[in-house]
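Before anything else, here's the structure in question.
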Amino acid sequence: MAGFGKTLGRAVTWPLTLVARAVDPPLRVWQRWTGTGGMAAVFLAPNLAIFGVFVLIPLVLNFVYSMTGGTGILLDQRSFIGMEQYGRLLECEDYTRRITCREDQFWTAVTNTATFVIFQVTLMVTVSLITALILNRNIRGRGFFRAVFFFPVLLSPVVVGLIWRWILQRQGLLNLITVNLGLEPEVWLNDRFYAFAATVGVSTWAHMGFYTLILLAGLQAIPRDLYEAAEMDATPPMRVFRRITLPLLGPNFAVVLVLALIRGVQIFDEVYVLTGGGPGTSTLYLTQYIYEVGFASILRNPGLAAAASILMGAVLVVLTLLQLWFSRRAEGRRAR
Amino acid sequence: MGRIVLKGITKSFGNAEVIHGIDLEIGEGELVVFVGPSGCGKSTLLRLIAGLDRPTSGRIEIDGEDVTRVSAADRGLAMVFQSYALYPHMTVRQNLSFGLENTRMPKSEIASRIDEAGRMLEIGDLMERRPTQLSGGQRQRVAIGRAIVRNPTAFLLDEPLSNLDAELRGTMRAELAQLHERLATTMIYVTHDQVEAMTLADRIVVLRKGMVEQVDTPLGLYNQPQNLFVAGFIGSPNMNFFRIRATGGSAELPGGLKVPVPCDGEVTIGIRPQNLKLAVDDAPALEGEIRLVEALGAETVIHADAVDGTPMVTVLSGQPALGAGQRIRLTFDELPHLFGTDGMRLNPH
Amino acid sequence: MGRIVLKGITKSFGNAEVIHGIDLEIGEGELVVFVGPSGCGKSTLLRLIAGLDRPTSGRIEIDGEDVTRVSAADRGLAMVFQSYALYPHMTVRQNLSFGLENTRMPKSEIASRIDEAGRMLEIGDLMERRPTQLSGGQRQRVAIGRAIVRNPTAFLLDEPLSNLDAELRGTMRAELAQLHERLATTMIYVTHDQVEAMTLADRIVVLRKGMVEQVDTPLGLYNQPQNLFVAGFIGSPNMNFFRIRATGGSAELPGGLKVPVPCDGEVTIGIRPQNLKLAVDDAPALEGEIRLVEALGAETVIHADAVDGTPMVTVLSGQPALGAGQRIRLTFDELPHLFGTDGMRLNPH
Amino acid sequence: QDKVEVRVMWYSDGIEGEVMQDLLDRFEKTHPEIDVVLDNVAYQVIQEQLPIQLASGKGPDIARVTNLKEQAEHWLDLRDYVEDPAYWEANFGDRFDWMRPDGSDAIPGFMTQLTLTGGFANKTLFEQAGVEMPGDGATWDDWIAASKEVMESQQLPAAFAIDRSGHRISGPNASYGANYIGDDRMPAPIDDGTMTFASKLVDWTNQGLMLPEVWVSAAGTTYRAAADDFINAQIPFYYSGSWQIANLSTKIGDAFDWVATGSPCGSAGCSGLAGGAALVAIKYTRHPEEVAAVMDYLASEEILREFTERTLFLPAHKGVVEAGGLNFQSDDPNVAPALDKFISASTETLPFADALPAWKWANAYYGALVTRISQVMAGEISLEEARTLMDQDIADQVSAASQ
Amino acid sequence: MSRILTFVFRRRGHGGRWHWTDIATWIWLIGGTILMFGPALWLVASSFKGPAQLAEFPPTLLPYIQQTAVVEGYDAPLPLYTATLEDGSVEVLAEIRRIGVNSQMVDPENPGERINVNIADRSPVREIGFATGNYVEPLVANNFLRFLWNSVFVTTMATLITLLTNSMAAFALSKYRFRGRDAVMLLIVATLMVPLSVILVPLYSVVNATGLLNTLWGVILPTVATPTGVFLLRQYMLTIPDELLEAARMDHASEWQIYWRIVLPLAAPALAVLAIFSVVWRWNDFLWPLIVLSQREHYTLQVGLNTYAGELNVQWHYILAMTVVTMIPVVLVFVFLQRFITTGIAGAGIK
């Protein structure tokens, strides 16, 4: 198996190796000509080119959209109306009462998302960290367990939402269990608290494998002798964890936090299938709001949706910068 | 406090046994040095004592207690790692205080210990730096400091000075000696450096391929090496060996110089380079041709080939006017070391 | 091939200037050793020559060509790193061949060069291992091998032997010397080891805080140190210094021994420990009390305090029966070194 | 000779894709010069991607679409291409206004099927409970009351459910006299008719008669069907629509007997709401002739009849309807009566309900209704607040659309 | 060696005794397995259920089909039920037909006599059985091989390009100092912020403008410049010691070779992670291909799979089955790649 894997790996990389060899001489000339600074440009170029065309331009277009009105889909069918969409999103008679806002659902979505992110990111990071730590231990069947925890990542969000709806619905698996335990069945998804908990739990269930994997890769990179030094110092396990593992996991931890945060704010598909934003609007999150405004109905309002997405992005950028700023401080301490 | 006893220790990695049954007693407050060629198992043995690895068989006792199954944390030892193993994300001060904080020591006590260690190791100015911002030597000192502040039952030091420059190494060696004297704590010290081994050790343990070759005081080892390996390993440059047939109670060195030998047959005669000196012109002497002259200033190392081709080295003090290609005639005063065909010492103790 | 010239090199990291204007010429085929205290800028200077860092100002020439702006890859030099820097994902063989493959050398040639290096460095058996599976010494040898196989214009070696045991270090030193002789390639060698510096170097460059203190042959440095720093740095144990007022053409050492001095005023008198010997009973002598005796077997290092409290060290050959607390009386034959208040040598050359 | 490729974008709720493929295969045999490719897609594609394509002047040649009116400008007028425009007028003419701009006389395509909202009752449950099923002319209150009895006797979780959709409650609204369409064909404010049925719904939910999770546990305009609860005999009465027949038939099988009930009555009538999917030609096709040929074939009475019989859809072809005698291909004895019931119920729709599918702002209205009424059911806002908010939502949509 | 690997909590864990951390570990692992794997296994089991059984309340754990028996005198096999008879006895009977609440039944052993049973008093006899049609029908009917090929093509190309371009960018961003580096990094991170589903329309315009509509490259290219990948790889590459790069420079390696021969292999764990993610993402990509691809010959598996999602009805039995089918390759990829994650070798060449 391992031998086969190696052969396979070689077969896959062989053409790439050839290509890599072929591009070396011209790049060497380029390097001599421009110095290493020029090489940085070479390394960045492909990514930035693709990135510019397929990410940056749409983003800019999206911004332009946010300043147009009407139901037209393409930009040339839309009229420029300036910042009106933003005004509409942010307009409230009484900012203490959501219901008085022009887009009360937007505000509902914002508060819901904020609560969701706080709980979900905390849970996600905790659970993935614990799992990564455990999977990093020298246990029998590590590979198997790693696969187990990663498995839900392989499922499409729609299927995730569906499975859990089947589990949580009135006559679902969970109630089958509660009834067998002699408890009253509960319509879980009709209860504000349970529904919210379900969105947090299910999204964690679905994505924790992703973060666990990142953290695991980070754990593997921590030199072992540090743990030995700590052991010689009779350091209690929790302290080793807090003072050595966590700080040295720093960069990976930053990745996880940033990504979890971003993806938490962007949560959509599985929740859409699972709770649809209910009960009432208690699990209505931002992306669903944007989706409904911009796409779901035939009377779409892409301008409003774009404006909402830009606002969401702006908040995320601020959060991420804060996060990166912290991790940069940690980065300064990194590695020998 | 600090009596360490090893009984029949073996250690295998996978199928490869790298420690083959070691028995050793290290007394309270003793400073024992492990020496031996690279890969002979010094670090491994130290790690076994530390509790970082488990012996495959055998028993380790500290102060009479069996600690073979006790974890490293609970053995109360301190270790200076060959790779430093400094916490890269902590300042020097934090590196030093980390181990102390585990013991719920009062803050002021911690601070004073760190200050003292900082002064002793000349790292007082670096307290707020991180390991990345230190030179190799400075890192090593911090690593030593980390062990010192702990005030452990015993110190385990794995080549703690190997990255320091000569001057600092000398100072540190003296500091360590003083430290040992002052603390009277048991120390086990792994080193490649003969000078360190000779000057620091109460006793030296010579290891070879996972076995103990000889355990003795430094001068004991130097003067009475039990076998060819120890004789060759201790002392720098290495002892000169001449393999000769002895007949009639004496053996003839190349060049004609005779050495009394208590028995007949094949023997190896060992003469330390420092014991060789230029012979008076007409006396019988060890003769050879100079291959290489290494002038170290205070002394000069002369590599020569004896007339029968055996390489030989001598250390002459000062800067004698000798050059490659010249003939050289050497003699010696002290009795040479004699070894049998089995490599064991023949001289009486 | 291999003439390296540095002109007015300075290097700053951020605001801190660590190299303060160095001029140096290294001749073709010369083996130059950089020595100096830890943190003095040896590695930095080597990296500047290698092209891994750019000097802040100044100019580097190799064989007359200005390479200041040429990248490391194109300078044709080879370097052995202080930290080995072996490619952890490659076997020893691949580590060795990597540099050769980059020059599009034929496979057979690569193989033969690797075999040769493997034989020379005794790493032939380890070819298929990865660096993690090697002991420290073995890694160092692979690192050296990686430089050797390249057949570079010049070798840059940053403390290449610092992790080897004494025996292997001796062998490797000799190998390096032979290698240098055979290849006649320029080598720049950074070391902390005095013996290495003295025996290997054609010339030694003594650095201190980013400045060149003295450049000279090993014996030149030893016999004619230009200033107090060099005098103290070269030679082990360090030279003894006595700071005295000279009057009337002579200065009186503690204990009463007189030394002729060519000028009046404050001077520092430097005497190497090896030059001190036990004085005959009634002759005027340097007097002191023994603080510490380090018996190394072949010689004994005696640390003492002179009557005025100045610490002094002497190296006596053999194992004299002296102990701490005893009084000692020392004298010397050779003329001592004299230094003025500015720390510069006063003796004529 | 190069084949002309005609692409049909098609979505399926059940087996209609297979049937269509089969029909098209037959078409290709007789028309070797045309290669018809059936691109089966998710409904989401029709809903979200097709509009973008159309806006940028692309798209398939033919598509099966449900949002007919809003995108009417993109449909091709087949009048000049089909063989017999009169045949089209005669058989599909009534619904052309659903799919062309107001005042136009274009022939954009034809309804592949008609749908009509209506109720289903679990006959077996009623029998087991010994409750008489309300007959023709029974009101919503009657039905709920009867279902309530069944629920209590059979210990069911709820008495009835209605799909979470603005479209689904608009028929009942109409029955209570609702009218969404203002005189200027712009949305009228929410009227008392709408409020009447809405408040009933809310009450029923609060009383636990209506299955709460269908409406309450979703936000916005999310569509939720309660079919599974009906299929599992959890509710005796279910208000959905004719399209469920095939679904119910497969999944219920022999488990119980069920009947279509038509729409219960309100104060103003017993209206359901019609709708359906149409196959339309797209204006941007490069081969209008061939497209027309395909359309002619598919719209022919014989083919459409076969399609209807095999898919268990309500026919939208006047000739087929009038000829009657459809031989629906199902073993299930419940199916044929149910289909018949829907066909007969289609005559009872109120004029307002008939106007809705051809009304531009219907979706805006549906969206506001479902969004806000759910919130009321969840206890987030009061019904009165909901009324203001609905009016405001609709006004916002209108103003946004006219920017 | 083995115990060197054991981790933070290993303090007292060795020596044969069970430390609380070992117990906690196993509780977590076993609980985790049930929680993580259970629903997924159930999904697999459910994919073998027929549409009726899928809709069934309460759901069963395993797929069942009703047992039937051929009874003399009846052409078709009759479904079997356990019925409670009036006299209280329980028997297995075959149902002839059901009329209202009454079921006409017959004893298969004794076909002559008809028994009337109230339907509340009977329950079907079922055995575990697999509705393999869920798998067979879509696979046969739906150009499955074509979809598979498209998916494989998209996934492979996208992953390779992702790994290549992202690692190149990450290399530049982690190992070179140049003006604007932070700006580029910031830009890349900033674009993580807006989810794809939100910029679909502008993106569609761009893809349309570049003529990539209805091509597989239109699916591949927009996804490969994933900021996540750059971010992830950069953070990992920061931990690769610069000295290794310098050693390679001394070895006359060009910057490209350093990237290719040194940095890439050393970043293997992070690359493996990204490769796994990329494969999973691209394989499961749904929304974007749906937008780009409207012609059947270009469909990827996920798009093909979703043709079962209609307006009013979703044919879950097909979707589940095809989900399971499409999961198999990614699972294999994961199993193959995950071993590369275990080796944190980057620091090993350094003293």
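A few notes on this one:
The first chain written gets the first letter, and so on, giving A, B, C, D and E; residue counts start at 1 in each chain.
Methods note: a contact is a pair of C-beta atoms (placed from the backbone, for glycine too) under 8 Å apart; a residue touches a chain by one contact, two chains touch by 3 or more.
The model shown is predicted, which means the values in this text are computed figures rather than measured ones.
Taking the mean of each chain's C-alpha atoms as its centre, the chain lying closest to the overall protein C-alpha centroid is A. Set side by side, A-D and A-C show the greater C-beta contact count at A-D.
Taking each chain's centre as the average of its CA atoms, chain A and chain C sit 55 Å apart. Centroids of chain A and chain E (each the mean of its C-alpha atoms) stand 17 Å apart. Per-chain CA centroids place chain B at a distance of 22 Å from chain C. Centre-to-centre spacing of chain C and chain E amounts to 62 Å, using the average Cα coordinate of each chain. Annotation for chain D: residues 47-48, 52, 56, 232, 234 touch two or more other chains. Residue positions 31, 36, 73-74, 170-171, 223, 228, 231, 236, 295, 334-336 of chain A each touch two or more of the other chains.
Within chain E, residues 3-4, 11, 57, 200-201, 205, 241, 254, 257, 346-347, 350-351 each touch two or more of the remaining chains.
Those residues of chain B that touch chain A in the shared complex are 50-52, 71-74, 76-79, 81, 83-90, 98-99, 101-103, 130-132, 146, 150. Contact residues on chain A toward chain E in their complex (touch as defined above): 5, 16, 20, 23-24, 27-28, 31, 36-37, 39-44, 46-48, 50-51, 53-59, 61-62, 65, 73-75, 130-131, 133-134, 136-139, 143, 145-156, 158-159, 162-164, 166-167, 170-173, 175-176, 205, 209-210, 213-214, 216-224, 227-228, 231, 236-237, 240-241, 245, 251-252, 254-255, 258-259, 262, 266, 268, 287, 290-291, 294-295, 302, 305-306, 309-310, 312-313, 316-317, 320-321, 324, 331, 334-336. Contact residues of chain E toward chain D in the complex are 51-52, 55-57, 79, 95, 98, 100-101, 119-120, 141-142, 200-201, 204-205, 208, 213, 290-291, 294-296, 303, 306-313, 315. By the touch criterion stated above, chain E contacts chain C in their complex at residues 241, 243-244, 246-254, 257, 261-262, 265-266, 268, 345-351.
Against chain C, in their complex, chain B makes its touches with residues 36-39, 82, 135-138, 162-170, 174, 177, 192-195, 198-199, 218-219, 222-223, 233-238, 272-275, 292, 294-299, 301, 315, 317, 319.
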